[in-house]
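Pasting the structures in now, so scroll down.
Shared between the two complexes below is chain A, which has chain B as its partner in the first and chain C in the second.
Presenting the complex of A and B:
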């Protein structure tokens, strides 16, 4: 047996966006075992939501769980609170929530792709992808008022309406983005250097994805067709606005890139359909009720299934709020998928997981 | 959400009979402090019946050691380790210190007496 070395990455490392620690046991540059630590930024948000804040304020608190998928958290919480209050929100509010979730998915997927390129040693592609991503941040600011951490979904509906000129601007800028997306697709798909780095790296099989309960693009890249947008028709009408399941089969970094890029086309179509068919109605359902009983909600955040559990006791303060972020489901698979890969591929593999530690540790 | 009550003695048997990796998706474990007892929950969804959330639950006293299901659901160790730290409950073969530092106050999600 060759000599084994232990090599740590993180919690502070140039290739990591967030505090995350992997300890690799390597043998001749090959990773044979991985230990992971993902809990450097625990902030006690669940405890705060059940002690310091009233249930209507909690949507603003959970919006701070994550900067990138803030809308997923506020929407999932609002939905679970609405279940406890037994109210139905107006149709326009449902459509506007879907619109912002898809705009958010565009910027989140492009951020992940850019970091895969950077960690694969392709600095120019990182900058190009980030440059093309900027339009989605500007649109989110126009719709929600903030580039990140948008308090758009609130209990009962949404906080802002979509102005006609903003809707027009979204349509125009999406049209301009499509050729840019085609260009990115061509590079990520066909660039020889990038494919050498990404094909076969960090691969998991569909069976492993099932066994390890993987979610999001990580699972879909391995051929496991799981997407909550395909499942929870009762809360948001995804199929009505053109949702389509995207899967690949090879389960490697390359396949994850392809899933994210192909999902961007779906997001564009969904946004266009929402704007073209945006129903007229109120934005919020008012109620004076207090949350009672227990309920769960699942929502497809950019990284996968987000799960909220809430229990109310007919008071302003919730009895319990549980948040399960997508990365939490992928921790077990993240550690396993390194095995057999070159240590040098680890940064690109980590970026392709798109881990969000502020969500996971919350 | 469909809730199925189980007991500490029957937990592993019930979950082993229910869980098939190609059919069910394990989401997370949760616990709710009810005062004298703690309600421990295991959440699953079903690939074939997507809108259904299944919750196995059992009521235990805080001192009870809960059996680990990681030999049935491989990825459950993450959720078990999280609950041990945040709820200060005992889970078979699970040490403290995954989420919080080992010397941090135990069970921040438990109700203060």
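Presenting the complex of A and C:
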């Protein structure tokens, strides 16, 4: 047996975006065992939501759980609160929620792809992806009024309407984006330098993915067809607007890139369908009821399945709010997928997991 | 774009045997081509950045329209709005732009159109001299205390008034009773 070394990466490291700690046990350059430690950014948000804030204010608090999938958190919370209040939201509000979730998915996936390129040592592609990502941030700013914290979903509906000129600019910008996306697809697919770091790195089999309960693009890259958009129809009508499942088979970094890029085409199609068929109705259902009982909600965030549980007791303050972020489900598989890889490819593999630790630790 | 395609074509024509290797260099040449392009970033302090028409900016307040229901203060998630009250009952509106999250919940809650509204103007930076954290916390507590003091004063005044009214009523009742007794003692009325 070769001599084993333990190499830590994190909690602060230049290739990591967020505080995450991996301890690798390596033999020569091969990783044989990995320990993961994720809880570095605990902020006590769940407790604050159940003590300090009224239930209508909580949708703004949970929007601050994560900067990238802010809209997924606010929408999931709004849905769970609507279940507790036993109200049905207007159809237009549902469509507008889906529109912002998909715009958010575009910017989140492009951010992840750019970081994979950067951590694989391809700075120019990182810059290029970030350049192409900018249009989605501007569209989100035009729709929601802010670049990052959207505060778009509120309990009972959505906060703002979509103006016709904004809808038109979304269509124009998307039309401009499609050739750029084709160009990115070409580079990520065919570039030889990138394939050295990406093909075969961080691979996980379908059986392992199923056993370790993987969600999101990570699972879909391994061939496991899990997507909440495919499973639930009651809260948001995903299939009506043209959702399509994307899967790959190899389960490595390259497959994850491909899943994310191909999902962008699906997102673009969903946004176009929503804008073309946006129904006319009110934006918000008013109610004076208080939350009562228990409810759960699942929603497909850019990183996978987001889960909310809430319990009310007929007062302004919730009794319990539980958030389970997609990255939390993936931690076990993250540690597993490193085994057998070179230590040098670890940063690219970490970036391809798209870990969101402020969601996980809250 | 055109330049690097021409260059690639030229290289393939000159070295046809090396065609695969030249195609691998495609992205590399693209990256070099980027050097001669204009930057995509904006020179922000000197140029204007993209701000949409209905940007979620500073919250404005119109004192003349306000009906002083304090609903905006009640719904504000971070507590960026507070009303203080002086002893005559006049309320003053306080707003902290550094605490505000610009969600617009106060605008939606306002029953009087135009009393509180959202502008498209981005908030200016907070300065150290403004003491925007500790100063605000102090102001917030003082405002709540001032309202409590006014409520207590009002209650005391009401109690005083009620006591005075009661005393007056008692006095009047006593006088009436006395009068009744007086008239009751009169034999003529009794007979009547």
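Just so we're on the same page, the second predicted complex is superposed on the first by the 362 of 362 C-alpha atoms of A that agree within 3 Å, B and C clash if a C-alpha of one lies under 4 Å from a C-alpha of the other, contacts with A are read in each partner's own complex, and residues count from 1 in each chain.
To be clear about the criterion, contacts are C-beta pairs under 8 Å (C-beta built on N, C-alpha and C of every residue); 3 or more make two chains touch, one makes a residue touch a chain.
Because the structure is predicted, anything quoted here is derived from the model rather than measured.
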Simultaneous placement of chain C and chain B on chain A, clash or fit: fit
Partner chain in contact with A:236 - chain B first, chain C second, else both or neither: neither
Which of chain B and chain C A:309 touches, first, second, both or neither: first
Touched partner set for A:226, first chain B, second chain C, both or neither: first
Partner, of chain C and chain B, that touches more residues belonging to chain A: B
Touching partner for A:210 - first (chain B), second (chain C), both, neither: first
Chain B versus chain C as contact partner of A:322, first or second or both or neither: first
Which of chain B and chain C A:296 touches, first, second, both or neither: first
Closest Cα approach, chain C to chain B, once both complexes are overlaid on chain A (Å): 21
Touching both chain C and chain B, counted on chain A across the two superposed complexes: none
Complex contact set, residues of chain C against chain A: 24, 27, 30-31, 34, 40, 50-52, 54-56, 75, 77, 101-105, 108
For the chain B and chain A complex, residues of the former touching the latter: 1, 21-22, 25-28, 30, 32-33, 41, 43, 45, 47, 50-51, 53, 55, 73-75, 77-79, 82, 86, 98-100, 108-109
Complex contact set, residues of chain A against chain B: 37, 39, 42, 44, 46-47, 50, 207, 210-213, 215, 226, 230-234, 294-296, 298, 305, 307, 309, 311, 319-320, 322, 324, 328-329, 331-333, 361
Residues of chain A touching chain C in the complex: 53, 56-57, 60-61, 124-125, 127-128, 131, 134, 138, 141-142, 144-146, 149, 151, 154, 159-160, 163, 166, 187, 191-193
